[in-house]
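Chain lettering (A, B, C and D) follows the sequence in which the chains are written, and residue indices restart at 1 in each chain.
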Amino acid sequence: MSDIEQRIGDSFRAQGLMATLGAQLAHVSEGEVHIELLFSLALSQQHGYVHAGAISSIVDSACGYAALTKAPRDHEVVTAEFKINFLRPAIGDRFVAVGKVQSAGKRLSVCTGEVRAFTDSKPEGKVIALMQATIANVAKTA
Amino acid sequence: MSDIEQRIGDSFRAQGLMATLGAQLAHVSEGEVHIELLFSLALSQQHGYVHAGAISSIVDSACGYAALTKAPRDHEVVTAEFKINFLRPAIGDRFVAVGKVQSAGKRLSVCTGEVRAFTDSKPEGKVIALMQATIANVAKTA
Amino acid sequence: MSDIEQRIGDSFRAQGLMATLGAQLAHVSEGEVHIELLFSLALSQQHGYVHAGAISSIVDSACGYAALTKAPRDHEVVTAEFKINFLRPAIGDRFVAVGKVQSAGKRLSVCTGEVRAFTDSKPEGKVIALMQATIANVAKTA
Amino acid sequence: MSDIEQRIGDSFRAQGLMATLGAQLAHVSEGEVHIELLFSLALSQQHGYVHAGAISSIVDSACGYAALTKAPRDHEVVTAEFKINFLRPAIGDRFVAVGKVQSAGKRLSVCTGEVRAFTDSKPEGKVIALMQATIANVAKTA
């Protein structure tokens, strides 16, 4: 396991919300991170589909960690802002959020994210949400 | 209790995610809804503050329900998209998300949201996040 | 020339702002439209680069026309909202905005856009801006 | 005239796009800037209303200059990103964009903007657009 995978794995396990949602870190590579979420009624909105907030949470984390793979040494990342479009209802057995770095600056990175929903009948998945996020690099305090 | 308070209360209690996060419906009036969240490590990001995703979840729900107070009869609402800026770390004992309708059309409403963090030493609160959201009205299917 | 190319060409020529900016319709296909802009000091911000507003204008039009290629018959499109990140200063001799439909619904489409800057020394171009837009379909009034 | 009014006036006059659109700097105070635009067919979209891009341009400049009133000395500002909702068609004789600082950090400011349309029959104006923008402070190079 590479240093950055280790570092992102440690950080992910320190995020109480990811455990509360039941999200798993699924993939880490240079500039790209995947987070997976299984359907649960504990994540639902009023119609029983997954709440936009749970979808936003996993793709925000995926974008943030993607940015971290490109951040300067001794820096951490925080989400300055994001925008997310919900293309269709979050119906599925399993959801995968993919965050990708589009531009990595010294201070700010811009990432795009997408979330796919998978069901037995749609094993190839359907894109249900698109994100565009600005992530700030912050120098670590000793 | 008015009809709309009743309807929003019922819908809120059907959102599994709000219970999972520990969020409470705090105020409903024409065009404005408040949702409250107490700090818990179950909501944290890697530094122990509340995760941007939990903050986004409550203010998304506050904006959606605010739009519902203005939606045509026999319609429901879904979030088409939102954008959120995080102004400072989500540090606090208690967070209140306020969603307000800025424009209510037949098909689309535009809402703004803000989230305030409260601590014993800052009883007046501090704005930690600002949202701008587009909510779609959808005719109820029988 | 296909019917949709004709229709978009006519609409584009009716946009006074595109003529004022000196923008040209460069490509129309199903779900994708390109608009080109040559550098001019008439488009500048205070440092002499192209103003974010001019860049936003061409990629907004590119996204809107891309959505129009997928809109139901007898409908027009209006931009409900967009979000744009500026990745680097708009320095170049020529700019091309590409709008692409990501999801086309009966009432709303979601498009992504990007703007590339070209110079003699960078003939392959550099992405300077990314957009994510929501376009509404509106029935034509007779 | 205060130093900041002078500085913003000089910068505004250096923006070729503002002159091309016919926009005027209308008000500068600590944390708030107004820019005015008169209707012209040179700014239109295909239905003869003002193009979303022209509206975005003036409110982007208003937000950027509002941020500049709060920026650290010897810093300039650039728009990192913005999001804008169009609440109704840009129909009017005169448009006023108001940019306000919501949060001013050392590196990033968050501003909100609104654009009002005025006609003889609506002298109080109508809000036609809402913006939420992230502005970066950049140290001046000598």
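Heads up, the rule we're going with is that a residue touches a chain if its C-beta (ideal position, glycine included) is under 8 Å from a C-beta of that chain, and two chains touch if they have at least 3 such contacts.
This one's a predicted model, so the numbers in the text were calculated from it and none came from an experiment.
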Inset, instruction - Spell out the chains that contact subunit C while also contacting subunit D. - result: A, B
Inset, instruction - Compute the centre of every chain as the mean of its C-alpha atoms, then state which one is farthest from the centre of subunit D. - result: A
Inset, instruction - Please compute the C-alpha centroid of subunit A, do the same for subunit B, then give the distance between them in whole Å. - result: 21
Legend entry - For subunit B paired with subunit C, centre-to-centre distance based on mean C-alpha positions, whole Å: 33
Legend entry - subunit B and subunit D: spacing of chain centres that average the CA atoms, whole Å: 28
Legend entry - Sequence positions of subunit C contacting 2 or more other chains: 80-81, 83, 85, 110, 134
Inset, instruction - Would you identify the shape of the chain contact graph, picking one of line, ring, star, complete or other? - result: complete
Inset, instruction - Note which residues of subunit C are touching subunit A in the complex, please. - result: 83, 85, 87-88, 102-103, 110, 112, 127, 130, 132, 134
Legend entry - subunit B contact footprint on subunit C (complex, rising order): 80-81, 83, 107-108, 110, 134, 136
Legend entry - Of subunit D, residues touching subunit C in the complex: 11-12, 14-21, 40-46, 50-54, 56-58, 60-61, 78-86, 89
